[in-house]
Every structure is written in C-alpha cells, then in structure tokens.
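Look at the two complexes coming up: subunit A is in both, with subunit B in one and subunit C in the other.
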Partner chain A sequence: MSSHAEKPAPLGGPLVTPLTVTLAGLAGIAAVILLIRFIFGIGSVTNINDGYSWGIWVVYDVMAGSAFACGGYAIALLVYIFNKGEYHPLVRPALLGSLFGYTLAGASVIFDLGRYWNTWHIFFPPWAQVNSVMFEVAVCITLYIGVMWIEFSPAFLERLGRSDLKKKLSNWMFVFIGLGVLLPSMHQSSLGSLLIVFGTQINPLWQTMMLPLIFLMTAITVGYAVVILESCLSASGFKRPFEADLISRLSLVMWWFLVIYLVMRTVDLAWRGAWAEAFEPNVMATSFWIEMAGFILPVILLASPAARRRPDRLLISAVALIVGTLMLRLNGFLIGYQTGAGWHYFPSLPELLVTIGIIAAEILGYIVLVRWLPILPKVEPVKIAR
Partner chain B sequence: MEITDLRALREASEVQALENRLGISRRDFLGLCAALATTMGLPAGAEAAIVKAVAAKQRPSVIWLHFQECTGCTESLLRAEHPTLEKLILDIISLDYHETLFAAAGHQAEAARKAAMKQHKGQYVLVVEGAIPTKDGGIYCKVGGQTAVNMLKECAKDAAAVIAIGSCASWGGMPATGPNPTGSSSVAEVLGKTVVTIPGCPPNPYNFLATVVHFLTFGKLPEVDQLGRPKFAYSRLIHENCERRPHFDAGRFALEFGDSGHRAGWCLYKLGCKGPETYANCPTIGFGDAGEGNWPVGCGHPCIGCTEKGVGFTKPIHALAELKSVTPPLGFPGVHESKGNRFDFTSAAALAAIAGAAAAGTAKLAQNLGKGTPVETGSHKDSGASS
Partner chain C sequence: MSTTRRQFLQGAVASGAALSLGTAPAVQARPNLTLPPKAVGLLYDSTLCIGCKACVSACKESNNLPPEFSTAENLWDTPQDLSGRTKNIIKAYKEGNATQKDREVDGHAFIKHSCLHCVDPSCVSACPVSAMKKDPVTGIVTYDEKDCIGCRYCVVACPFGIPRFEYDKAFPKIVKCELCNHLKPGDKFKYSACAQVCPTGATLYGPVDQLMQEAKRRVALKPGSITRIERGRVGSGDIYEAKLTAQYLPRVYGDRELGGTQVLKISAVPMEKLGMPELPERSFASVSETLQHDLYGWLALPAVVLGGLVIAAKRTARPDDENEA
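This part shows the complex of A and B:
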C-alpha cells in the first residue's frame, strides 16, 4: 500500500457562492423537467422516437458520462496495479469525481427507460437475461457504483470520527480495490460491445470488432484527462498550487496510451478498408474528424517534456481529449447510427437541460464534498497575484 | 443407432437402390429426409439415420381406417406437392388397407385387411381417420356390415402403434360438435387409452409423415403431450410464431374483412382469430407447399382453431380467442409515429452557446493557469520510493 506525502484534509470555505448557487439552479431546472418526464411520460420532454430509442440521456449521461468518470479507475489502475505510489494523492479526488459520474450515470438510465419500474428485473436472477450485453453492463455498473461508495467511505468515516469502522474496513479494502479495477474494465469494454450487436446500422468508421478495446482504451485515457482537468480547475478555483510535477508525469502515461490508441484505430480502419468513409462529404465524416482531432491534438501538444510541464497545454489537451471521447460515443451511438430511412434525432431543449443539470449536480457535489471531507491533499493557503 | 453424415450416404448402395424403387432423384430424397428431421426438431445426424432407415428397412404395414369424416386428411396428404410425396407415402410404408386408395372393393378389400392383420400381427401401424359413433351400439357407421367401434377395436388389438389423424379421430372434431346425434367419439375415448393424435382439419401432411418416419427410424413414436400430440408440432401456440404477431403487439388490428387494416395484413385477432389459444405449427411450416405465408392466417382468414378441442367447430369463428400467453397492453403506440426532426433550432442554439462558453472558459483558464497560479514541483518526488 502506498504512503502519502500529505494527508488529505477538508478544504473548508464557503458553501454558498455565486457558482454553487448557479449550479444548484441548473440542477433544479433538470429536476423540474424530470418531474414532468415521470408524470407525463418520456415523449413529453424528449425527441426520441421509434427509430432512435435513446438520446443524449443515454449517450452523454451514461456512455460518455461513465467514461469521464473513469478517473478513479484509471488512477487506481496506476497506483494499485502498476504500484505507482507517487500518484496516491490523486486517488481520492479522482474517486470522488468518479463516484458522482457513475452514480448519476446509473440514475440517468432510469430517466431514459420507458418502463423504469421494471428495472429491478435485471437483478432478479430468474428474470435476468444473462446472454445480453446489456445485462453485463447493467449489473457491472451497478456493482461498481456500490464498490466505489465503499472505496470512498473512509473519507466519510474520517470526517465522522469513526476510526474503528475505518480500521475494520481497511482490512477488507483490497477486495473492493480489486473489484474497483476489474468491474470498469468489464463494462467499459462492454459499452463498445453494445455497438457491435447493432451490426450494419453503425457506420463502418465505428463498427469494428475492436470496439470493446477502443472503448476501454479511451475510457482509461479520458480518465487521466479528467484527473488533469480536475487538477487544473482545483488549482484555479480553490487557489491551490498546481501539481505540475505529478500531472506532467501522469500526462506522459496518458500520452503513451493515446499513441497506442491512435495506431490501433488507424490500423483497424485501414484493415477493414473503412478509410474511404472518412472522406465522404457528410456529417458522419465531419464528425469523425472532430473526434480524431480530439485524440491527435494532445499527442502533438504534449510531445516534449517541456510541453508537458506547461499548465495551459495540459489543460487544452485534457479538454481536447474529453471532446474526442465524447464525440467517439456520440458518433457510435447517434451520429453514425442509422436506423432506417426517414428517422431522425436531435436532442430537445429539455433533454439538454437535464444533461446540463446532471453535470451541474456533479460539479456542485464535488465542490461541497471537497470542502467538507478530507479529499484534497492539505496545502498552506497561498496568495495569488492576478 | 448408428448415425452417419448425410453426405457420406450420397454414394451408399441402398440409397441408389431407392432411386430406382421410388423413381426419384437421390438429391430430392436426401433433401426430403433432412426436411423431415428438421420438422421434428431432431439433432444433427438424425437426417442420416432417417435416410438409412427409409432406404434399408422393410416398409411397415399400414392399415388406414375411415369412419365419420370427409376424407380431407387423405386428400391433403395426396395433394401435397412436395416432390413425389405421394410416391413416398405409398413407398415408405406398405399401405395394405385404405378405402379411398384401394383398387379392390367389397369383400376383396376386407379380406386384404384381415390378411395384413394376420401377416403383420403386432407390427403394423393403424391409422384412424374420422370419429367413431358410439350411440345406439355404433350403428351410424358401418363398413361391410361391421360397425366402426367394432372394427377399430379389432384392428387396434394387434397394432404396434395407433395414430389418430385429423381432428375427428383425435378428439371428435366436427361430428362430435353439439348436439352430436350419433355420439361421435375419438379413438382414444373408444379404445380407453392415449394414442398419438395429429389433429387438424386437415392436419399438415408433414406432421403425419414425420411421425411415421420417426417410428420407422427410431422404432417408437415421437414424444407427445398430455393429449397425445407430437411435441415437435403442437407444443407452441400459433400466436407465438405468427408472422402477423408484431401487428398484435403494436395494436394494429383488422376490424372488418376488407378494411384498410385487413388489406394491409394486420393482426386478425379482432376478427376472431384463434391463434392465441390453438397449439399447432401452421405458421412455421405452412400448407400446400406453396411457399412462405401460405396458411389460413397468411391468406387473410382468422384461424378457426381446428386442431384444438373446445375451440374448432365449437366456438363461433367471429368469437374472440382466449389469450393464453400474453395479454395486450392497456395502451398502444400510435399507428403513425413521428419519425423525428433532423434539427431543433432552440436546442442547437443552446448547444452552440454551451460549446462557446466551454471554449472561452478553457481559453481563459489556460491563459491564467500558467501565470497566476503557483506551480508546485518536486514535492512528490520521493514519495514513490516509499510506496
């Protein structure tokens, strides 16, 4: 187990600020729209139809949202599997981001399911369809949410002064840490397998047997990107020193993952003869290049050791990678997904507002918890000259 | 049973001999045996066993009795257009007595039956077509002065297997429908034991043929349900495999013969289709060898439930079926669903605003991050060593 240089400590500070109030307001709007959705049905607020039976609530909130929540998984992989203890200070903040991302992704599925009251059937063995990719994803994500809350519970127990419980739990923590690495590896790749079963409805740019690996690789890579982004935002927002040393080393790991990913993706497209699709004059090809730009840009920006120490480049790379990963999921599940002539989908404003509300709730929860619980490494407050 | 690959049998001598015996090509014969194995849902390899059994074994003697019926079952077998089926039905089996197909007549015919029963005692297959009148000592149906009840009991005594073909023989069928003046009964009721039944009006010839070939190949009749019906053919509701089922699930029903829904091929449930309460494989194998969709429901007429006791000839054709496996939902989706819009102006504007704000925020942050914020370095350098 890794030792920590600095013990994490609650950040303190005001909970009611213009930012938190705005975030709460956005979350409130989403709550009202969801109330309408549950009273009048899913058709009253969304643009989904018989041709496109899911929209951004699934593709952003679940597919992309859970990938963005892979920070905890990606860091745990590095710290516990590859035994890189120096990254340990990043575990708790990354885990907190993941906790919110996944919990809300799980909740979003309920919003999107037409007959949400049947959700429990999945977990009732006699009624479960164990041959379904969806079953694997659903059970795995649900388990992982539980595992993450347990992984994160020491932060609560420390705050509540229950060191006795914490000690008992720590004897068994290795089990949950193991599961916490295993489960996302399973369901992040299965999210890609979901696309394989749609067959020719998916454009050849995204329909490949490599999808499970593509989704897993991008989930890990974007996990590091989100940790970098969180670190940048924390430094700026909470007036903390930027952890340049740690982050630049982390970005090298991310850089290598990206290079491997891009080689794999390029070769796969060439192998299947799908590159021609990328030069068609249509929305899908355009969208493909936006996606690829998101993955290529960080490789260029972070190529040299000096560049990896520049906070602005790290930030832009992280954002580019997040955009690329989002586009990969959007492309696969919506833009490159053609269900037949005449069917269209474009998210409605209420759908967008719910997604925005969920993101706002995640950020709000993160701010509140880092101020209240011991998550970020303790540092002396510094005065920043603007 | 020795089971070989079908392809290995192409050059087998007994199959080649069969070519001459039946006057059909080997290709057609092997194809038919494979189709029969598939109809019965038998495992791979069974088709080869069927080929060997049909080609090599001695043909079983079959005695075919006709009682209260219309000869529709026999007609459907004879009119099957599958390559040379009529040849096979006469050549796979040795049909020693069949009133419709006999060249002989009168006492000569009855003598042939008695001779076959004596010669193949305990080995012949008895097929019964038609119900048996039991009222007033069974006087309402006689052949050669002998009552149907009497003749059935006589023939069944030494039979290796008894197969009741058609709904009349299986459960009484049309003659047994109230008020049933002749006391028509099924074979099972008269013999007081369960027999294999192939109900239908008429039954699908392949269900009968598959049953006979199963007997020939494996020496026993196929697995049956509690009513004696072979499970390979009668274990599923018509509703389960009906090609119009998606219309049922979507709530699209024909309400009158010739209305727009009927012409569009929608579900016939509301016209009285008995598919939801009738067990048979009609939708999967069809009738008349005329290809996909050639069966009553496929042609636009509701199923009358001819295979099912208490449904066929009992319930009015227009009466609604009792739903056994599914109940329709309380609400149905609209027939003309919106196909969605390519573009939504307000949400596109909102998306653009978000993207713009995110880009501006990132740019601003990137600009400030390097300058205003202290950059922490070196403090974690040694922590890795202690991990």
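This part shows the complex of A and C:
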C-alpha cells in the first residue's frame, strides 16, 4: 500500500486573498440577480422564451455542470471498481470537486424551476411520473448528492476528531461507493435520454438512441479531464509538485475512453446516415465540428507516452475535452434544437452572471475546503522547495 | 497495490454492465397509445375560416385570460402568438399578392393554433409530476398548476409549440388549451368556446371518430359543389349550405401525426406552409418510454449492476479505509 503513504492533510494558508474576494464578489452579484428573478419572474433576468424554454441555467448549470462534476465518479470507477489503487490519492480531491459541482447543480435547478415550491412532488406518489426521463434524472441526482456527502464525510469526521464514527462508517462504505458509481451512470446517461422525446425537433447529428451512452461516455471522460485540470491548477496555484506519473497514467485511461467514444459516435452517425448534416453550410454543422474537435484534439495531443507527461499538453487536452463536452450539451439542447420558425435565444448578461457566479462559488468552496480539511495528499516540505 | 487479473475482470464486468445501459436489448417496445373510447376534439377547416378571430376572443372569455396589446393605442386584444395569456390563435398565411383565399401561390389562408390533444402526447410523457394528464375517457390533455414544478420540459418537448409559460410572473404556471374542460352546467359556454362561437363552422367540436368522417367527406369534395356544413358541435342541427370554392388537399392533418391527434385540420394550402410540422407516425413518447422501460423496468438492470459494483467495491474499499483510519 505504498501508494497510499501520502495521507491527505489540510493545506492551511490564508482564506482571504484577492482571488477568494473576487470569487465571493461574483457569487454575490449572482445572488442579487437571483433575488430579482424570484420577485419579478424568470423572464425579468433571462432571455428564455417559449421557443427556447431551457436556457443556460438548465443546459450549463445542470447538464454541463453535473458532467464537469463527474471527477469523483470517474476516479471511483477506476479505484474501486477496476481496483486501480494507485489512483487513490486522487479520490478525495476529485470527490470534493464533484460534491460541490453536484450540490450546486442540484441547488441551481431551483433557480430555474418556475414553481420551485412544488419540487418535492417529484419524489412522492401520486405525482411521481416514472415514465418521465426528468423523474429519473431528478431522483438519481438527489440520491447521488446524498451518497457523495456520506462518501466525503470521513474528511469532516477527521477534522471533528470523531474517528469512532468514521470507523463505523468505513465498514459500510463499499455500499455507498457502489451507489456512488451506479447513480451517476444512471442520471448522466439519462441527461442524454431527455432529448429523445423531443423527436425531430433535434437535428439528426444529436438525435439518436445512443444518446444515453454518448452522454455517459463524455461524462466519464470529462471527469478524468477535470481531475487532470484540477491537478495542473492546484500544482501551480497551491505551489505543489505536479503528480506527473499518476496524471500521465490517468490521461492514458482517458485517451482510450476517448478513442472508444469517437469510434462509437462515428459509427452511429454513419449507421443513421446523419453524416451529411455535418457538411451543411449552417451553424449546427459548425457547432458540431467544434464539439468533435474537443474530443479529437486530446487524442492527437496525448498519443505518445512523452506527450502524456507534458503539463502543457495535458492542460490543453483537458480544456479541449471540457469544451467538447459543453458543446455536446449545448448542441443537443439548444443549437441543434428547433421547435419552429422565428425563435431565437442567446443568454442575457444577468443570466450569464448567475452562471458565472455559480462557477465562482464552486471554486471558492473548493479553495476554502482544501485549506481547512484533509483532502489533498500531504507533501513533504523538501519536495516543495524545488 | 497490484491488480490481479481476476479482480480486474470483475471490475470490467460490473462496469461493462453499467456502460451497456444504452444498448440493452428491447424487452418489449411500448407501442403508440390508442384513441380513448369517448375521445372528443375539434375539426378545423381552413377553407371555411374567415379569420374573424371570434374564437380567439371567446377562448379568452371562457378561460378568463387577459388581453394582449400589440398596437400603439393599447385598446384591442391583439395577440401575435400563443402565450401565457393566449391559448388559441388564428394566424394568416400570405404569398405573393395574396389576393385569392386558399391558394398557395398569390394567395392567403388561415390556420388555428391550439393544443391538438395528441393521442400519445409528448408533454404527458415528459412531465415528471403528472401535472400534464390525458383523460382516459375523453382524451383531453389537462394541466393542473397545483401539481406543476415549472420545469418546462413540456414546453420544450411539444413538437407543436403549444404549452406556454408565464416568464413575467413570480408565481408562474403553464398555459395551454384544455378544450374548455373546466366548463360546468350553467356556464355561458356549453362546450369548447372556440367551436361554439365560430360563425362558419370552421371549428367544429365533437367525437373524434365523427369529426374524422366529416373531415374525410369534405376533402373528397370538388370545387363548385354545394355541401351541408354544421356549425358548433356535431349534432347541433345548426346547418347551412355552402358552395365550395377551394380545392381541398387530400389530407387530414392529425390522422397519423405521432400516432394521431384529437384536433384534426384540413386545408387547401399545404399544412407545412401553414406552420404545421411534418411528423412521423410513431410517437416520440413511445420511443422515449420504450428506452426508459428497457433500462429501468422493475429496476432490474440497476439492481444487477449495483450488485456487481458493491461486490467490486467491497474488495477494494476496505483495505484503503483501514489504511487511512
């Protein structure tokens, strides 16, 4: 178990820095806009309309936001299911990112729900409508957020000095780890299935029965990308050594997932005869290629073992994958969606500021918690002075 | 820690099962729903419509909806489209000099937009909280704001763009035609207000099977023939003789679109020109629900996958946690 020698420890350090103050400011602006939204209605701050009733508060905050929060899921899959123990140091930081991403994605749903005070109806008969893909998504995401807090609780219990409770919990942790892999598999695929009932309103580039698998595969690969990005950024931001061995091996796992994904996507488009749509002179085709570039670029950039050890290539690949994953969701739900002539949507400034505020809150929470709780692997002082 | 081949394979099996969620074999496809026994609906005949918009006005009165202004004087209720304040609207098609009614080229025509009350509605399938329901007897697609969470999945899902949302309200709701399902004996309107007030019988209310017969009878008629047109509802007895000038297209819109709708439309100008979408016969709801049932029917697949995952996690998680404690 030598790979686990680096036990997680709080980073310490200042909580009030120019960065954290800026992030708190952005979150504050979002809070003010949301106050206006709750008093005067969603239309007072957003550009959503009856032709595009789902804007970026749904498609970014929930769809993309939860996919970007799949680091914990993707790493748990590797460590606990494929028994790759060497990635264990990545579990806690990845899980923290996921915890924040999902909790905020879940909470931000409330901002978008018109009749939010009825939200609880989803979980109870006679309201619960099990044929609805939305029902499945809502139940699974809610359960997963709960499971993640339980998975993460050892870090809190350590801080609170409750090792007795922690030990009890750890005896049953495998059940929650199992659920923590099952639930994201279910709802990340279902986020794709949401599109199926839209039928021919979705361009054939994105309307396929493979949607669940397409969304699931991209959620897992972007999970690895986010872990790689977090590792690159915390190496520079917190002045920690770059975990080159671990990250380069992880990037190979991601690389294979990507290759399988691209083969699947290509064959599916060919099978349905949808490739012609990709060469139409329109916005949808352009957007499709931006999406695809996000998945193809990392495959090229990370093809050799030497390339997978280069932080610049890893960083660019991770960002490309994040863009590709975001574009897939924007394309499926907004750019590739047409419900009739004459409808337009582009997010308003306040609408964008809310999304930015949520991202800021996420980063802020991450910084505060890694400084306060044992999350990142402890690093010997000697290593830091390089 | 090194991975044994056996452990790795166990992981591979568990995850493979999880990953194959999207490709599980179809257990039993959920077919299109069928027309309820006493389904009621509307027949809208574009060639009879004179664009007077009495139906738009009556709909507002019957549903207690406020006016929408689009002229400078703010005097007249002049909605431009369906909205949170308008459940029924008449739109005009114009081409070229627009002189002749019911002609595709250099002509004009009217079309009524309101809920089609699909036989297998996407909105009902999409709604996570049963706020959208299809009446098992009349087939009317109803909405109850008391149940609704305002997620607007119905708004996005409907291929006809029917459900609308009140974006300008702090406590909004979905707004859509419910075929005046709320009317009680003694009310001013006895059945769908739009049909009751239509002066030409362009909008006719009645049982869907009888409306379908009437639609098929009309589209078979030739220009110049004289025919009896009933006003209001089927069986009202309010009949007049009309001389047809337009040439009907041999199509009843709603006979098979997404498995059929309870509001039927006939016209002399192609439906796509009038803003009605071309749709396949298999309902989107049935496609979506077949997939959901394959994946989550009786929670069988998730239970099997969870079993595999928990077994894999039990073998891998314990040593790690002991190590940490």
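By definition in this document, the second predicted complex is superposed on the first by the 377 of 386 C-alpha atoms of A that agree within 3 Å, B and C clash if a C-alpha of one lies under 4 Å from a C-alpha of the other, contacts with A are read in each partner's own complex, and residues count from 1 in each chain.
The rule is simple: a contact is a pair of C-beta atoms (placed from the backbone, for glycine too) under 8 Å apart; a residue touches a chain by one contact, two chains touch by 3 or more.
Fair warning: this is a prediction, and the values are worked out from it, not measured in the lab.
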Subunit A as common anchor, with subunit B and subunit C clashing or fitting: clash
Touched partner set for A:241, first subunit B, second subunit C, both or neither: first
Which of subunit B and subunit C A:300 touches, first, second, both or neither: neither
Touching partner for A:319 - first (subunit B), second (subunit C), both, neither: first
Which superposed partner A:182 touches (first subunit B, second subunit C, both, neither): second
Subunit C versus subunit B, contacts on subunit A by residue: C
Partner chain(s) touched by A:41 [first = subunit B, second = subunit C, both, neither]: second
Touched partner set for A:346, first subunit B, second subunit C, both or neither: first
A:49 touches, of subunit B and subunit C: first, second, both or neither? both
Which of subunit B and subunit C A:134 touches, first, second, both or neither: second
Partner chain(s) touched by A:83 [first = subunit B, second = subunit C, both, neither]: both
Doubly contacted residues of subunit A, that is, touched by subunit B and again by subunit C: 1, 3-4, 48-51, 83-86, 88
Complex contacts: residues of subunit B adjacent to subunit A: 333, 337-344, 346-348, 350-351, 354, 358, 362, 365-370, 372-381, 383-384, 386-387
Contact set on subunit A toward subunit C in their complex: 1, 3-4, 7, 38-44, 46, 48-51, 53-54, 77, 79-86, 88, 112-116, 118-119, 121-122, 126-136, 138, 154, 163, 166-167, 170, 173-175, 177-179, 181-182, 185-186, 189, 193-194, 196-201, 209-214, 216-217, 337, 339-341
Residue ranges of subunit A in contact with subunit B within the complex: 1-5, 47-52, 83-86, 88-89, 232-233, 235-236, 239-246, 310-313, 315-316, 319, 342-349, 351-353, 356, 379, 382, 384-386
List of subunit C residues in touch with subunit A within their complex: 1, 3, 7-8, 10-12, 14-15, 18-19, 21-23, 82-83, 122, 125-131, 145-153, 155-159, 161, 164-173, 258, 275, 277-280, 284-285, 287-289, 291-293, 295-296, 302, 305-306, 309-310, 312-325
